[in-house]
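In the two complexes that follow, chain A is the common piece, with chain B as its partner first and chain C second.
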Partner chain A sequence: MTTRIRHRSLLALGLLGLLLVVVAPFYYVATSSFKLPQEVIAQVPTLFPQSFTLQHYEKLLRSSNFPTYLANSMLVASGTMGICVTLSTLAAYGLYRMQLPAGKFLFRIILVTYAFPGVLLLIPLYGLLSQLGLVDRLVSLVIVNVTFTAPFAVWMLRAFFTAIPGELEEAAALDGATRAQTLIRIVLPLAAPGVASVAIFAFILAWTEYMFASVLILSDANRPVPVGLAGIIGQYQVDWGLLLAGATVTMLPVLILFSLVGRYFVEGLTAGAMK
Partner chain B sequence: MKTDKLSILLLVAVALAALAGCALPTAPAASSGAEAGAGSAPVEVKIWHMEQPPHRVERIQQLIDEFNAANPGIVVSQEPQNWGEIYTKAPAAVAAGNAPELLFAIPDFTPILNRLGKVQPMEEFVAEMDALYSFYPSAVEPYTYDDHTWAVPLYNMAHSMWYRKSVFAEAGITPPTTWDELLVAVEALTQEGQYGIGLPANKQLYTDQVVYDFMVNAGADEIYNEDGTLRFNNPQTVEAYDFYRQLYQFSPPDSPNWTWGEAEACFANRTCAIIPQFTVITTYDTQAEGDPEDLGVMAIPHSSNVDASGTIAYSNAVMLLTEDPAKQAAAQEFLRFLLTPGNYGRFLNMEPGLFLPVTEAGSQDESFWNDPLAVKYQSQLETMVENAKNGRLFGFTNGNTFPSIAAISAQNLVAQTAQLVVIDGLSAADAVAEGQRLMEEALAE
Partner chain C sequence: MAIHTSRPTAHKDPRPKGQFVRWRGRSLLGYCFVAPLLLWLAATILYPLGSAVVLSLQNVQIIGTSGTFVGLENYLRLLSSHNFWQAFGRSMVWVLGNALLQTLAAFTAALILNQRFPGQRFARIWIILSWIVPTVVVVILWRWLLSSSGVLNYLLVWTGVWREPIGFFGTANAATLSVIAINSWRWFPFMAVTVLAALQSIPSDLNEAAAVDGANAQQRFWQITLPLLQPVLFVLGLVGTLLSFNVFDVIWLLTGGGPSNATTTLPVLIYETAFAQYRLSQAAAISVLSGLALLLFAALFIRFMSPPQEDEP
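Take a look at the complex of A and B:
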């Protein structure tokens, strides 16, 4: 009994420590965004705000193009998520169920493309997209993001599809269901945690992507949040309050998405680990 | 079967709809009051600059709007960029054929673009502006080589030492002018909760700049010999790095990772008694006490082997990247407008107290001195302008311009040498010898 209590206490302490490590930065960023500038950069940081102001948010939303950056990021992340989920679902199902010639080889090639360092593609991609007239267009970011998220998504979904008993699909076929109906009505609901994981993965990757966005987007009107925020912070002089307000607002969509489908994400990750 | 295909099509359509949303043109480019002359399209001039903070963008837009309204045949627009990416982005844009007509630059950025063959010679235009407003020679020199002037100087930035007069008075010290006095001062100023000075030590541009401040004040401002060979490894450079090591003991423990913003915050929250920085005025005014009577600014102290103080100074300029005569004429017309007193001061004051004039006329421009922040911190600004007159920049000194410096500054090798001294513990002599080796390697590449 004593050992059990000791173990539980240790576990609780460990979890508390982990919670602090994970939550503390978010807490500090979010609460500091409401502090007066003097308190933000105070010599001794304050854990609990001693002042309250909305001036950083006012500046962020009224004097900068941040709302435009936010809308652009939302479009890019949603587009990436939608296309990545669609493509990777169809590709993973095809690789898993259809007797494709060299299917295994194809699957490995997909994994290799995921391992390819993106930075090496930066300049060639710029030239290619420029010839296609896609530089400074949000669609170029969607294309790039899908390129980098889809291989991992295919690999992840294939693991989920493999775990679904083939008998279920055979039963559906006996009942007259077509392949597409089987995929949509039988397989996808069972693989929902995997699809949710892929969706969140694609959304977050697109939401935080900086390198390609900083080079492929030229005009302020088309910048996504990471690039736009880096710009309004400044180089020689940093407005720390503005930076914290920007970081807080940037976190919100991801937090909202997680609160809606986070449970599936965790299930997806753990289930994927066992398969 | 039909339903089945429809289901798939529906699924793909949802995804494509999202993609289409992204492909739709977003907000239109900043409009102007310009209208084309009857029957002809206006000449479009796009500017890329790296002044991204919203208030700077807004000030530039005000000037652009005024210009466009007064010049119906020209439409100028701006696209703010980031210094972090411009070294990759601009060459890529030039190669792909979608470079802007005007691109802001610092001296070691110009050679990179120049190699691509798109930068237009500007000596005639610079001479025209010089006759009208009198450029400071030190602002033009870094852009003059290979028989041409490759950019039009627009504003200057120079380091000074910032301090609080009350903190000095409390410690019983007067502003130091020599290194011996500076060392005594930072030691006296290092007290409970306060460090005598804030110095960076990472492989980054801010460290390059601060270290070069000390090189200039040791008489080691020349990195090259007249014949273009390196002379980084010399007794004056070693003296500068050794002094940096001595001062560094009185800097906060987190200072190795600093860039400009962290240094300013350290000064604003009173953790650092002195910092070398282009300016602290805006931060001091908005995030600290904002007392102009207490804010002190001085020239960077010098070694006893040198007669007077010097500092690092960046003459920021603009390059013309178009070969189209109509666009060239339109771009030059905009630059004439920008350098005209009355407009020029307002342009500089997009960040009051940071950007200094590069013309004699600009230094007397009322629109520069009439800005509320300039009025409040007038004496500090006057000292900054004075300090800037003794500005130097590595690779662009004393009329000798060596474009190959771009390879050295791109890798922050001056800063890396400082790391060898203060982080890795090498002696200044060994570190400088290693620094020269790294520079030779960079140039050979």
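Take a look at the complex of A and C:
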């Protein structure tokens, strides 16, 4: 009995610790973004807001370029998502459902590119994109982001695609369905959770990417959120209220998307390493 | 891989060709599915990789200008450069520090989440929170929490743990520790969910049988759980190292590589050399050398750390 109580309290303590480490910082940032400036920088921090204001959000959305950044990021993230999902689902179908003689080899190549450190490509990719005249264009960010999301996406899709029974496809083939029809009508609907989590993964990564965006985008009007917000960090004498509001708005789309497919996302994330 | 060996459709194939031709046609179609991605990766990884090597043998300063062939000059200059070796050392400290801290945090979190408690399904998903949030948010969050008048310093002084507010990014050592801790905070959930998934794939009767035989929790962890986790830990060790070497934005946005270069790891050095000092070829040479070092690491890691039975994809 006593060991049971000890176990319980240890578990509770551990969970409290996790909550404090993982969730509390976000709670504090989000709630503080609604506090009056004097409370934001008050000597004694307040766990529960004592004041309420939307002035930081107003400043963010009215008198900074933040709305432009948001629109740019939306474009880049959606574009990345569309191309990444198309390329990775096609590849996953070929790799996992069609028994290619060189399938294993191709899978390995894609695995290598997934772990490939992108920073090593910073210089040459920048060179390539500037030769193509794509510097300071949002499409350059889409190109880069697809490169760094698609290989991992193929990996994530693996568990979802291999779980589909082969008989289903055979039955469809017997009924005269072509490969493309089988893919669209049978496999994709069954792998939908996987495709959704890949889409979210691509969106989130493109939404987050900073390094390439900071060198490929030159004009303020084309900046995505991370670069724009980082610019605000250094711009004024630090206006924490404004930055906290910016941080909150920036993580909002990610949180909304994640709450929709979080379970499949984590499943897909771990499935690759598990096999 | 797909289990798709029986082909009941064979007799329905309209083409009166032999077995071999049909089989080849099928895999040709398969390659067509994989080709777009492979071409994309060839154009954006393989080709740039080649051009990085070419660039590193020239003396291009700013992008768009042309350079002349200078052979190994950039490499020789780097190999005798104090800055390069210092950044190399810092990258090693960075990777090791991150590995250590993340492994510790991830195992603790995974072992906690592996227990049964109300809300466990929810917790096992949302643990990943700090990993999915954009870096710039992470940076704002920690710069604020760790500022001299921030909440952490307030708590440290208030509880009497420390006499006066700490400058978390003020000194070389403090800044190094801070960026490693913050990056680990961001990345440990990724490792935690993977370890957790592996833990849950361990059949519970193994542990129960060991418990019946009188093994205590600690013995069960070291004798049963850890060996069974080895394949997953191998993948995490390899991929995690490469991914954490790659981290640039957290460091750059927190410290800008400072104070006095204390947090200038190789990625930061590459970035600075190319876009602050405008020595593109030099930066390309750093990239190539870093790539070779990582390749060597990966080869050694696979050679010596591979789990006993080879895992086939």
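To be clear about the criterion, the second predicted complex is superposed on the first by the 230 of 275 C-alpha atoms of A that agree within 3 Å, B and C clash if a C-alpha of one lies under 4 Å from a C-alpha of the other, contacts with A are read in each partner's own complex, and residues count from 1 in each chain.
Following the convention adopted for this analysis, contacts are C-beta pairs under 8 Å (C-beta built on N, C-alpha and C of every residue); 3 or more make two chains touch, one makes a residue touch a chain.
Please read these numbers as outputs of a predicted model, since none were measured by experiment.
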After the chain A overlay, clash or fit between chain B and chain C?
clash
Counting residues of chain A touched by each partner, does chain B or chain C come out ahead?
C
In the superposed arrangement, does A:108 touch chain B (first), chain C (second), both or neither?
second
Could you say whether A:244 touches chain B, chain C, both of them, or neither, answering first, second, both or neither?
second
Between chain B (first) and chain C (second), which does A:52 come into contact with in this model arrangement: first, second, both, or neither?
neither
Which holds for A:179: it touches chain B only (first), chain C only (second), both, or neither?
both
Using the touch definition from the top, say if A:27 reaches chain B (first), chain C (second), both or neither.
neither
May I ask you to decide whether A:121 touches chain B, chain C, both, or neither, giving the answer as first, second, both or neither?
second
Quick check on the superposed pair: does A:15 touch chain B, chain C, both, or neither? Answer first, second, both or neither.
second
After lining up the shared chain so the two structures overlap, which partner does A:43 touch, if you call chain B first and chain C second: first, second, both or neither?
both
Just name the clashing stretch of chain B against chain C, choosing from 39-47, 57-65, 93-101 or 219-227.
93-101
Could you tell me which stretches of chain A are touched by chain B in one complex and by chain C in the other?
41, 43, 86-87, 90, 122-123, 126-127, 130, 179, 215, 230, 233, 240
Contacts from chain A onto chain C in the complex sit at residues 11, 14-15, 18, 21-23, 25-26, 28-29, 41, 43-45, 86-88, 90-91, 93-104, 106-111, 113-128, 130, 143-144, 146-147, 150-151, 154, 158, 161-162, 166, 169-170, 173-174, 176, 179, 204, 207-208, 210-211, 215, 225-226, 229-230, 233, 240, 243-244, 246-247, 250-251, 254, 258, 262-263, 265-266, 269-271, 273-275
Within their complex, chain B touches chain A through residues 1, 3-5, 7-8, 11-12, 14-19, 21-23, 26-29, 48, 50, 52-55, 57-58, 79-85, 88-89, 92-93, 95-98, 157, 193, 259-262, 264-265, 268-271, 278-279, 282-283, 286-288, 351, 354
Given the complex with chain B, which residues does chain A contribute to the contact?
37-38, 40-43, 59, 63-65, 68, 72, 75-76, 78-79, 81-83, 85-87, 90, 122-123, 126-127, 130-131, 135, 137-139, 141-142, 178-181, 184, 214-215, 218-222, 227, 230-240
Touching chain A in the complex: which residues of chain C?
1-9, 12, 26-27, 29-34, 36-38, 40-41, 44-45, 47-49, 51-52, 55, 63-64, 108-109, 112-113, 115, 117, 121, 123-130, 132-137, 139-145, 149, 151, 154, 185, 189-190, 193-194, 196-198, 201, 232, 235-236, 238-239, 242-243, 245-246, 248-249, 252-253, 266-267, 270-271, 274-275, 280, 283-284, 287-288, 290-291, 294, 311-313
